[in-house]
Each structure stands twice: as C-alpha cells, then as structure tokens.
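Same chain, two partners: subunit A is paired with subunit B first, then with subunit C.
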Partner chain A sequence: MDSSTIVMLAIFIPFIFAFLVPVASKLLKQRIGWFAVAIALLTLFLILKITPIIVHGDTIYGEIVWLPTAGLTFNVYADGLSVLIGLLASGIGVIIMTYSNGYMSTKEDLPRYYQYLLLFMGSMIGMVFSANTIQLFIFWELTSFTSFMLIGYWNDKPESIYGATKALVLTAIGGLVMLAGFLLLQVITGTFDIPTILHDESMIQAIHGHELFLITLVLIFIGAAAKSAQGPFYIWLPNAMEAPTPVSAFLHSATMVKAGIYLVARIHPLFAGTDAWFILVSGTGMITMVVAGFLAFRQTDIKAILAYSTISQLAYIMTMYGYTTYHEPGIGVAAATFHLVNHATFKASLFLVAGIVAHEAATRDIRKLGGLRKEMPLTFIIACIGAFAMAGLPPFNGFLSKEMFYESSLEMGVALGSPFTLLIPAIAVMGGVLTFAYSIKFIDGIFFGRRQTRGLPEHIHDPPAVMLIPAAFLAALVILFGLFPSIPVHAVVEPTTAGIIREDVELHIKMWHGFTTPLMMTIITFMIGLGVYTKYGAIAAWQDRFNLRYPKISVNYYYDLLVQNAQASARTISSITQPGTVKTYMSALILTVVVLVGIPIILLGADIIPQSLNFDIAVYEVLIMLFMVIAGIAAALLPAYLPAIIALSALGYLVSLLFIYLKAPDLALTQILVETLSTIIFLLVIVKMPQKFRESIPTTTLVRDLIIAGAVASTVFIILINATQGIIPPFESLSHYFIENSITLAGGRNVVNVIIVDFRGYDTLGEISVLCVAAFGVYNLIHSRGNKT
Partner chain B sequence: MNNTFLSLTIAILFGIGTFLILRRDIVKVIIGLGILSHAVNVLIVSVGIFDGTRVPILAGSYNEAETTGSVFNDNLAEDILSPVVQAGTHIDYVDPLVQALVLTAIVISLATTAFILILAYRIHEEYGTTDIRELRRLWG
Partner chain C sequence: MTTLITKTITKICLPLVILFSISLLLAGHNNPGGGFIGGVMFASIISLVYVVFGLRYTTAFFNPDWSRWLASGLALASVTAFAAIPAGHNFFRSAVEFIHLPVIGEIELVSAALFDVGVYFVVIGTLLFILKNVGEDT
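Up next is the complex of A and B:
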C-alpha cells in the first residue's frame, strides 16, 4: 500500500469506527471498550508501518483532490514531528482505552464515552498529519470539541459543565486567533501548504523580512498557548480535571495539550532565529513554568496537582523550543522533543495512578489520603517511578531530559551574554526545584504518613490487572527510556529534530556525562527542593491566605467576570429582541416590507398612481371580485369558527372561478379540489375544538392593527399597479422555451402540465415530499396524544 | 396591463389576511394565513397575463404543432442584441410558468394548512385554550 494512503487510513479509521461504536455496542454490550482498543491498536499499527520511512529520513506527502474548482485538496504530510505525536496519540490511546475498561463503571453510557475517545484520537492524528493550515485548523477545533464533550461527560455535574465550557471558550477562541494568523501567513507566502513553505528557503526569508512577521507570529502563538494551557490560558486545564481520569491522562496530559507544542515545533523553522521568537515562546514558557509549579503547592486534589504540574512541564518544553539565536536557531529542540516523549510516559502513568487511587479509596483529596503503601504496594511502585521521573531523579527518563534542559538553558544563557548567563539557568533550576517538591508531595501525601480511617474505605487494595497493567506498562517505558535512551532517540527524536532544524542530527544521550555543570545544577535542585519541601505546608497556607486577601489577583476572577457579563448582556439583548409574542415578530416583518417599499417611492418621488389605469372590465368579473371581498371580510369578522370557515371556503371557490378568467384552467381545477379538501380538514378539526375563547379587541389594538393592515394593503396595491404598467423585461422570457418545446420535447399540449411533470419534474418531487412530511407530522401529532394521558 | 379592480381586490385580501394573523386566536390566525395564500396566488397569476389572450394549451397536430406564440414582446431586437435575438412577433399565450409555480404553491399550502390545523388542535387538547397570550403564560 502507498505510504500516503496508510496515513489517510490512520486518520479516517478512528472516525469511521467511532460512528460504528453504537452498532458494535449492541453486540458487545459492556465489552465495547475492547472494540475501541482494537481500533486504536489498528491505528497504532498503521502509523508504526510508516515510521521506518521517517526514521530513514524521508517525508511522506499525499493528497486527495476534494473540490478542484475551489482549490480544495485533502492532503497529508508526515515527517518526524507528526509521526512522533501520531504515535503518542495512538499508543497512549491504546493504553488509556484498555485502562478505561476497568475504570469506567458498566452503568455509564459507555458507547458515548468510547465514541468521543475515538473521535478525539482521529482528530489528533488528522491534525498532526495535515499538510495545509486550513485542514490543520479544522482538526484542531475538532480536538477542542471532543475535549469539551469528554470534560462534560458527566453532564449532570455543574463543575463538569463549568470546566467543559471554560476549556471550549479558551481553546476555541485561541483556535480562531490562530486561524487569523494562518490567513496572514497565507498573505505573506501565498500558500496554505505547510510543506511548500517548509521546503522553500526563500519563502522563510520572506517571512522573516515581512512587516507582518510579528503579528503573524503572535496570533499563531496565542492559539498554541491556549491549547497547551500556557500563559494566562492555563486556567482551563485545572478545571478540565472534572473529566473522567483516563480522559485527563489521555487528553489533558499526554496528547491534546501537546497540540500547542506541536504547532510551536511546526512553525519553528518559519519564525525561529529571531528575538521575537525567543521572547514570546521562551518568555511565556519560563513565566508559566515557575507560576504553575508554585501554584501546584496549594492544590489538595491529587489530579489538580498533576494538572498544574502538566502546565509547568509543558512550559519546560515550550521554553526549550523557544531557545534560539540567529546563528543557532534550534538550541533546545532536541531536548524539548525528548522531554515531550518522556513527559507523555511519566505523566500518563501518574494520572493512571491517580485514577487508581481515586477508584479504590473513593477520594482524590490529598488531606484524607495517606499511608497507602502497604495496602497498594504495586501502585506505590508505579507511582514512585512516575514521580521520580518527573522530579528528575536518575535512572529514569525524566532525569535525562532535565539534564538536557539545564544544558540548553546554560547554552542559551551564554549565547545571550550577561546578565542572562546566570538568569536563564537560575529560572530553569527554580522550575526544577518546584517540580521536585510537588513530585515528592504526590508520593508522600498518598502513600506515606498516617493512614486515615475516617472518610476512607476500610480495605483498600491494588486494582484489577486491567487497570494496573497499563500503568505498569508506562512505568516500564519510563525505566526503559531512562536506561536505553537511544531507542526513542533514534526512532523519533532524531528525525523530529532533523525536520525542525532542517539538518541531520545525531544525538548521544547518556546517563553519566562526567561531572558537568548540568549535573551540579541537578544536585543544587535536589538540595533546594528538599529544603522547600520542608516548608511545603507553610507555602501552601500562605498562598491560601494571599488568595483570600486579594481575590482580584487571579486570572480566573477576570474570566468569570467576563463570562458573567457576557451572559447578562446576552440576556438583556435577547429579552429586547425576542419578546416571545408572535404578534410582535409578525408586525416587525410586515412593517419592514412596507418601509422597504415606501422609502424608494418617497425618495424617487415617483407617481404613486400611474397615469394610465385599466378600468375596462366585464360585469361578471366585477361581481366575482365583489363576492371575494365580501367573503374575506366575513371570514375576518364572523366571531364563531364555523361561519368564518365557511366564508373562507367560499373565498377559495371564488378564487378558483377567478382563475378561469385569468386563463388558468388547471389552477381552477386544482383550487377546487384543494379547497374542498382543506374545508373538510378545517371542519373535522373545528368539530373537535369548541370555541372557548372569543377575543375582545381593545380600541387601541384595533386601530393599530387596522393601520398595519391598511399599510400592507396599500403597499400591495401600489406595487401591483406599478408592476404591471407594461414594463418590458430586458431579457427573454423562460416561458418561450417551454411553449416552443412542449410538444417536441415532452409531447404534451398543455404547457402548464408539461412544466409540472416534465420540465420541472424535480420541483414536483419536492412538492410531493412536502406533502409526505406534512402527512407524517400530522400523523405523529395525533398519535403523540396517547403518551400523556 | 392589469385591471385596477383586480389589483384592488388582491390588495384588500392582503389587508384582511394581515389583520387576521395579528389576532390572538390561533384559529383566526390560520384563517388569515389561508386568505393570504389565496391573495398571493392570485397576485402571481395575474401578473403573468401580460397582454396574452389564450390559455397556454397548444393547438395543432403533433407533427406540425403551432408553437409560434410568445408570452410578451421584448425590445431586445431593437438593441445591441439585434443580431442574435429575433424580434418578438405576436403575443398569444398567458405565461405558463407562473401558473405552474402557483399550482405547486396551492398544493403545498394545503399541506401546511393541514399541519398547522392539527397543531392548533393538539395545542387546544393539551392546554385547553387557543389564545396565544394565554399559551405563553402557561409555558411560563
């Protein structure tokens, strides 16, 4: 199979099978989760199949022409970076869906859950393999949307809805800003195609020199920051923890939040090597890293601690991608990419541990938990591996990438010169210290200390194998990548790095480098970290006090204020424009038409009544019209239903008579039949509807309605007598064609009939469909009666 | 050219229909819709007459059909298009196209009338009233 076809299959298989989940769940019942696992495995296999090509140093491009006239093609592009994230999305997907089989209660709506998970996985894979920015944007918003559905999975909890809304508002707004950035990029380069820009050195030069450079960069970066919860956008991630824990592990730590990182890495070749890139990306990263690490201290929910640590760890990666100078645009790229892989493994395993603890101990409050190491020995070991990797202890993979982080920070500091030589490594160490402290807290708080009895189940034990094995598998990866870093480095990190900085790279990552500066920084980190940990409680308490005293120093405060104001003004506006009475809407519609006709007449100063009027008419026609008016007035004025309906049907029959004089015999015939039918329907309904309500019209209403009715009548009259004043159309009438071809093409003499059944046969088909739909509606309305009484 | 009395009749029917759809009683509103649809149908047909004098049913045998009639004169032949467009000759038929459109409209208005009537009937059954304002109060 063609490799680009494989990529497209990997995108579409999750989507196709997501829609088959409800069908499959009829067969598999509670075991539907294994169906989803199989799909994820298939996807993983497909992406693994193209990995050798990428490792070899090639890229894959393929396209399906979708709408050639509009220049729309569906195209895919695979290089190291996209394969890396694609592998993460499908690989972690397999693990998470397996774990969900144990975590999710069988009472839950499982098909919906797995459907969203598969849709998310497909969107994520679609996003990373998109070869044009518009397609990337569509998949990007699809991941936001599926994330929204998954955070709000328990849609009876107000916290879930709040969290889901917040995530959607922030990431979708970010996405729209990003789209604006993409459009500007198109203005600069003249193309939406990503590989075209990446492979064209002159285009990259053009971007660097363009006056729109800064604004384009800022707009795209806002999208990335919103998705990866960086800068002020971090606030959605802690609230997203209302999602089921496997979802948090999958979307909100390992994959979806990496979309922002992916975007930054993707546009790295376009924008890096400039001061703006360093200040924006690294600056945001460093601030977020320290602030989020600090804020993690006061969290009492174990998932919230992990959420803040995710924000902080993503900021590490962001910072490293931001390290750039003109001569060396990609100082931290290799380190960032490696940390991206490592973070996905250890953070997902920690989330799974949090899920296990919440599942078995029925609480996520770290104040209630404690001393569980004897009861859950296996979980304890997995948690230690994950947390130590996060803290950066050897021999786990987190140690290696943190060393690289320190190394690249040093390099960047030296490149920038004083005073940054010291400042940047110092900030990096600060981030490391905070990470170390909350990592230890996670282990200490759950597994050590005094075992509480109140609020905890009496017997807590390790979970069933279906939950333990996925977590253990991730922990095993953490150790494997730590001891043999060359495995992930060769397979994905090197091709990715090579793709971003566009030259061949060969990385040698070892546990022991000798006694280097980064190692000293690590030792300093651990020493200060232990010191900070002894003050952990005091710092958390100070944060709580500070928050209580200055509630306005918080991003959440402004978000809530904004949302509340928006809701309030929306309510005000809609209560003005949508009062709810049909009468108001009707009056507004009618008056608009009257005004639209009136204004041109007044402005043009046209003669309202034309000079030549045709009063030439036969007596019987006048009589018909007179009767029509009388019947109409009777239908309006007769208070009882029955006489009014008889007057209406009299009007209908008179109309059919009039059609004869208007030389429309077919219409006259139809009108008689239809009028008969509708009179019967009217009477059938009226017999069952005793008239209880008689409207007494107040004088003011009467006057107002009469004025409206008069205005409408005179408007119609003016239009009619002007419109038929022998205006000759400037184009040939379509009707000539019908008259000339009626016999030759359709073999019918009655042109009206030929038009109905032949020339415009599809219109008639539509008309029949309307009748069918109306008949179904009537049938269902009548039968909906039985349900209530 | 349309007859002034005809235009006047159509206009009056429009006025009556408008007055009725502004009422509070659902049944009256439905009657108003019926009157309005009659008025619209007649309006469309009446503007298709132009100066035609014949019903659009063709005469002659199938082999040598008389197909020269047109629905109105155009002045295209006098303008820059004169080389391509032949001068409209004699006016015979009323416009068949508008009649075809109205035929469809009549049938569809039957469908909608039936539907909203049953809707009104069900509303009356559920809420015991046909007063729109009262209904709004009941819905809250």
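Up next is the complex of A and C:
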C-alpha cells in the first residue's frame, strides 16, 4: 500500500469506527471498550508502519482531490513531528482505552464515551498530518469539540458543564484567532500548503521581512497558547479535570494540550531566529512555568496538582522551543522534543495513578489521603517512578530532559549576554524547584504520613490488572527511556528535530556526562526543592493572605465576569430580535426582501410602467386574473377561518390554471399538488387555533400592515413587469446557458429537472436537508407542548 | 367527506396515482416530472387516504414510519453526491451511461437520477411525517 494511503487510513479509521460504536455496542454490550482498544491498536499499527520511512529521513505527502475547480484538496503530510504526535495520540489512546475498561462503571453510557474518545483520536491524528492550514484548523476545532463533550461527559454535574464550557470558549476562541493568523500567512506566502512553505527558503525569508510578520506570529501563537493552556489561558485546564480521569490523562495531559506545542514546533522554521519569537514563546513559557508550578504546589486535590503541573511542564517545552538566536535558531528544539515524549509517559502514568487512588479510596483530597503505601504497594511503585521522573531524579527519563533543559537555558543565557546569562538559568531552576516540590508532595501526600480512617474505605487495595497494567506499562517506558534514551531519540526525536531545524542532527544523551554545570543546577534544585517543601505551611499561609487581599488578581475573576456579562447581553439582544411572534418575523423577512430587491431596481432606473409594455393579453387570461383578485380579497376579508382558507386555495388553483394556459405543465402540476397538501395541513392546524378570527385590530397596526403589504406588492409588480420585458439592463438571462448545455453536460432534456439534480445539485442537497430539519422542527413543536392544551 | 363515492374513488386512484408518481420520478430527466413533483404526488394520494378513511383506521394496517423515509432519502442523496469523489471526480459529478436492453431498447442511466430518487423519498417523508404528526395531535 502507498504510504500516503496509510496515513489517510490512520485518519479515517477512528472516525469511521467511531460511528459504528453504537452498532457494535449492541453486540458487545459492556465489552465495547475492547472494540475501541482494537481500533486504536489498528491506528497505532498503521502509524508505526510509516515510521521507518520517517526515521530514514524522508517525508510523506499525499492528496485526495475534493473540489479541484475551487482548489480544494484533502492532503496529508508526514514528517518526524507529525509522526511523533501521531504515535503519542494512538499509543496513549490504546493504553487509556484499555484502562477505561476498568475505570468506567458498566452503568455509564459507555458507547458515548468510547465514541468521543475515538473521534478525539481521529481528530488529533488528522490535525498532525494535515498538509494545509485550513484542514489543520478544522481538525484543531474538532479536538476542541470532542474535548468539550468529554469534559462534560457527566452532564448532570454543574461543575462538568462549567469546565466544559470554559475549555470550549477559550480553546475555540484561540482557534479562531489562529485561523486569522493562517489567513495572514496566506496573504504573505500566497498558499495554505504547509510543506510548500516549509521547503521553500525564499518564502521563509519573505515571512521574516514582511510587515505583517509580528501580527501573524502573535495571532497563531495565541491559538497555540490557548490550546496548551499557556499564559492567561491556563485557567481552563484545572476545570477540565471534571472529566473522567482517563480522559484527563489522555486529552489534558498527554495529547490534546500538546496540539499547541505541535503548532509552535510546526511554525518554528517560519518564525524562529527572531527576537519576537524568543520574547513571545519563551517569555510566555517561563512565566507560565513558574506561576503554574507554584499553583500546583498549593493544590490539595491530587488531580489538580497534576493539572497545574501539566501546565507548568508544557511551559517547559514551550520555553525550550522559544530559545532562539539569530545565528542558532533551534537551541532548545532537541531538548523540547525529548521532554515532550518524556512528559507524555510520566504524566499519563501519574494521571492513571490518580485515577486508581480516586477509584479505590473514593477521594482525591490529599488532606484525607495518606499512608497508602502498604495497602497499594504496586500503585505506590508506579507512582514513585512517575513522580521521580517528573521531579527530574536519575535514572528516569525526566532527569535527562531536565538536564537538557538546564543546558539549553545556560546556552541561551550566554548567547543573550548579561544580565540574561544568570537570569534565564535562574528562572529554569525556579521551575525545577517547584516541580520537585509538588512531585514530592504528590507521593508524600498519598502514600506516606498517617493513614486516615475517617472518610476513607476500611480496606484499600491495588486495582484490577486492567487498570494496573496500562499504568505499569507507562512506568516501564519511563525507566526504559531513562536507561536507553537512544531508543526514542533515534526513532522520533532526531527526525523531528531535523525536520524543525532543517539539518541532520545526531544526539548523544547519556545518564552520566561528567560533573557539569547542569548537574550542579540539578543538585541545587533538589536542595532548594526539599527546603521549599518543608516550608509548605508558611508559603500556603502567605498565599492565602495574598488572595484575600487582592481578589482581582486572578484570570478566573475576569473570565467569570466576561461570561456572565455575555449571557446577560445575549438575553437582552435576543429578547429584541426573537420576540416569538410569527408576524414580526414575517414582516422583517419580507421587508428585507423589499429593500434588498427594490433599491437596486430603482437604482438601475427601471420604469414603473415601461413604455414598450405589450398589452397583448387574451380574454381568458383577464378572466382568470379577475377571479384571482376576487379570491385574494375574499381571503383577506372573509370573517372565519374556513372560508378564508378555501378562498386562499381557490387563488392557488387559479394560478395553476394560468400556468396551464401559459404552457407550463410542470409548474401547473406542482402548483396543484402543493396547493392541495397545504390546504389539508392548513385545515388540520386551524382546528387547534383559537377561534377568535377577527379581533378588533388597532388602526395603527392596520395601517402598518397595509404599508408593508403595499410595499411588497409594488416591488414584486415592478420586478415582474420589467423582467418579463427584458429591460433590467445589466443582467443577461441565465436560462440560455442551461438550455444549451443540459443535454451535453448532464444528459437530460428536462431543463428544470436537470438544474435541480445536476447543475444546482448542491443547492438541492441543502434544500432537502432543510426539509428534514423542518419536519423534525414541526414534530418537536407539536410534541414539546406537553399536555397543557 | 367519507361517502361511499369518495372511498371507492380513492381505492381506485391509489394504485394508479402511485404508479403515476413513480413514472413522474423516472421520466423526470427528459420529460416533465422529477423527484420533487413525484414525491408530492405520492404524498397527496396518501394524504387523501388518510383524510377519506381516517388516520386511525388507516394506520391500523398501513403505518410506515415516515421519518425513516426522509432519513434514507437524505442518505441516498448524500451518497450519490459523494460517490464521485472515490471515482476521482468532482463532488457531485454525474455519470451518464447508455445501455441497450433487448426488448425495451436503449436506456439512459444517469447517476443524477439516483439523486432524484433521494429527493423523492425526502419529499414524501417530510410531507407525510408533518401531516401525520399534525393529524395525530387532535
């Protein structure tokens, strides 16, 4: 099979099977989770199949033509970076879905859960392999949407709804800002194609020199920051912890939040090497790293600790991608990429541990937990491996990437010169200290200290194998990558780095590399970290006092303010625009038509009664029209519903009679049938209408309605009389084109029908979709009234 | 309304009108007719049956779920619209094929006609779904 076909299959398989989940669940019942695991495994296998090509240093490109006339194609591009995130999404997906089989109670709505998980996985894979920015944006927003559905999975809890809404609002707004950035990028480069831009040195030069450089960078970066919970956007991630824990592990630590990182790495070749890139990306990263690290240290919910720590760790990666100088644009790229892999392994394993603890001990509050190491020995070991890797202790993989972080920080500091020589490494160490402190707190809080009896189950034990094995597998990877870093480095880190900085790289990462400055920084980190942890009480008291004194120094405060105000103003606006009376809607609709159509007619200088009007009308035509006028007046004036409706349908039948005389059998047939059916429906509906037909109408209303009706009638009259005479100047009739081409292009002689099903087939598809929506709308209107009538 | 005369006429008309509606649908590409008009024709004869024999009496032995009709019609129309893509053509590209059958003679097969069948079912489904729901509501 062609390698680009494999990539497309990896994108489509999760989507296709996600829609088959409800069907499969009829057969598999509670074992539906294993179906999802199988799909994730298949996807992982497909991506693994193309990995050797990427490791070899090649890239893959493929496309499906979608609408060539409009220049729309569905195209995929695979390089080291996309394969790396693709492997994470599918690999962690397999682990999470396996774990979910133990975590999710069989009483839950399982098909919905696995359906969203698969949809999310497909969107994530689709996003990383997208070869154009518009397609990337679509999949990007799909991940936001599936994340929204999964955070709000327990949709009867107000916290879930709040968290889901917050995540959607912030990430979707970020996505839209990013789209604006992509459009500007297109303005600069003239293309939406990612590989075209990446492989064209002259385009990259053009971007650097362009006056829109800064604004484009800022817009795209806002999207990335919102997705990865960086800077002020961090506030959605802690609330997203309302999702089931496997979802938090999957979306909100290992994969979806990496989408922002992915984007930063993707646009790195376009923007790096400039001051703006360093200030924006590294600046945001460093501030977020320290603030979120501190907040993580202060949490008492074990999932909240992990949430804030995720923000802080993503900020590490962000910071390293931001390290750039004019001469050496990619100082931190290799370290960032390596840390991305490591973070996915240790953080996902810690989330799974948090899920196990919450599942077995029925609480996530660290003040209630404690002393569980004897009762959950296996969980304890896994937790230690994950937490020590996060803290940066040897011999785990986190130690290696943290060393590289310190090393690149030093390099960056030296490159920038005083005062940054000391400042940047100092900030890095500060991040490391806080990480160390909250990692210790996580272990100490759950597994050491006094075993509480109040509020905890009497017997707490290790979970079933289906939950333990996924976590243990991740922990094994943490050790494996720590002891043999060359495995992930050769497979994914080197090709990814090479793809970003566009030259071949060879990394030699060793556990012991002599007594170097980074190692000294690590030792300092551990010492201060321990000190900070022992001073927890004093720090907590200080922060509580600070919060009490300055409640307005909080992003959440402004988010809530904004959202509440938005709701209030939306209510005000919709009470004006949606008063709920059909008459208002109709008046607005037809007056708009009158204005939109009438003004151009006047501007084009059409006569009200053209000079060349042809009065050659037959007698029967006059007669039919006379009857039509009578029927129309009767419909308006008759004093009860039934006769009025009869008069109205008489008018309709007369129109169809006129069509027959004018030799338009199609129209006549359609008119008769539509008239018949609408009369029947009308009659069915009026039974339920209040029988007060003619209330006394106030004169003002009467005058207003007469003016509206008169305006409509005269507009239609002027249009018709001018159009039939062919005197509306600049427009040529379209019908010639259709009549000439209906046989050659569409193979049909009935031009009207050919227009409906072929020339304007897309319109028809839209129209019949509207019909379906209307049918269900009517159904809902009838059945939602309850028994009040 | 429900005199013996209307009942008898409705019974006679029912098969004829259904056949006529199908012929309108099939003839649509070259002669007056098409999916929309065929569908409305079908819907009007069924609604005549509903009116003449009463909804409750009719549904006792003839009670299709019209929402399924509109759903499958929409599905069929979408599938024919998208079918051109795997074949390497533009979205909505129609295929024309002339085949020769022994007795009937030359027949023109247009994939757009299949789209029209989708329209036919959507129109029938929508109209009768609305009609039946409004009618049942009394």
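Keep in mind that, in the parts below, the second predicted complex is superposed on the first by the 580 of 789 C-alpha atoms of A that agree within 3 Å, B and C clash if a C-alpha of one lies under 4 Å from a C-alpha of the other, contacts with A are read in each partner's own complex, and residues count from 1 in each chain.
By definition in this document, a residue touches a chain if its C-beta (ideal position, glycine included) is under 8 Å from a C-beta of that chain, and two chains touch if they have at least 3 such contacts.
From a predicted model like this one, the values you see are computed outputs, not experimental measurements.
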| item | value |
| --- | --- |
| Touching partner for A:756 - first (subunit B), second (subunit C), both, neither | both |
| Contacts of A:717 with subunit B and subunit C, given as first, second, both or neither | first |
| First, second, both or neither for A:707, with subunit B first and subunit C second | neither |
| Which of subunit B and subunit C A:465 touches, first, second, both or neither | neither |
| Touched partner set for A:665, first subunit B, second subunit C, both or neither | both |
| In the superposition, subunit B vs subunit C on subunit A residues touched | B |
| Which of subunit B and subunit C A:778 touches, first, second, both or neither | both |
| Partner chain in contact with A:655 - subunit B first, subunit C second, else both or neither | first |
| Which of subunit B and subunit C A:64 touches, first, second, both or neither | second |
| Touching partner for A:680 - first (subunit B), second (subunit C), both, neither | second |
| Common ground on subunit A, meaning residues reached by subunit C in one complex and by subunit B in the other | 665-666, 670, 674, 677, 681, 685, 688, 747, 749-750, 752, 756, 764, 771, 774-775, 778, 782 |
| Partner subunit A, residues of subunit C touching it in the complex | 28-37, 40-41, 43-44, 47, 51, 67, 70-71, 73-74, 77-78, 81, 85, 88, 90-92, 94, 96, 108, 110, 112-113, 115-116, 118-119, 122-123, 125-127, 129-131, 133-135, 137-138 |
| Subunit B to subunit A touching residues, read off their complex | 1-25, 27-29, 31-32, 34-35, 38-39, 41-43, 45-47, 49, 52-59, 62, 65, 67, 69-76, 85, 93-97, 99-100, 102-104, 106-115, 117-122, 124-126, 128-134, 136 |
| Complex contacts: residues of subunit A adjacent to subunit B | 580-583, 586-587, 590, 612-617, 621-622, 625, 628-629, 632-633, 635-636, 641, 644-645, 648, 651-652, 655, 658-659, 662-667, 670-671, 674, 677-678, 681-682, 685-686, 688-689, 691-695, 705-706, 708-710, 712-714, 716-717, 720-721, 723-726, 728-736, 738-744, 747, 749-752, 755-756, 760, 763-764, 767, 770-771, 773-775, 777-778, 781-782, 784-785, 788 |
| Complex contact set, residues of subunit A against subunit C | 64-69, 665-666, 669-670, 673-674, 676-677, 680-681, 684-685, 687-688, 746-750, 752-754, 756-758, 761-762, 764-765, 768-769, 771-772, 774-776, 778-779, 782-783 |
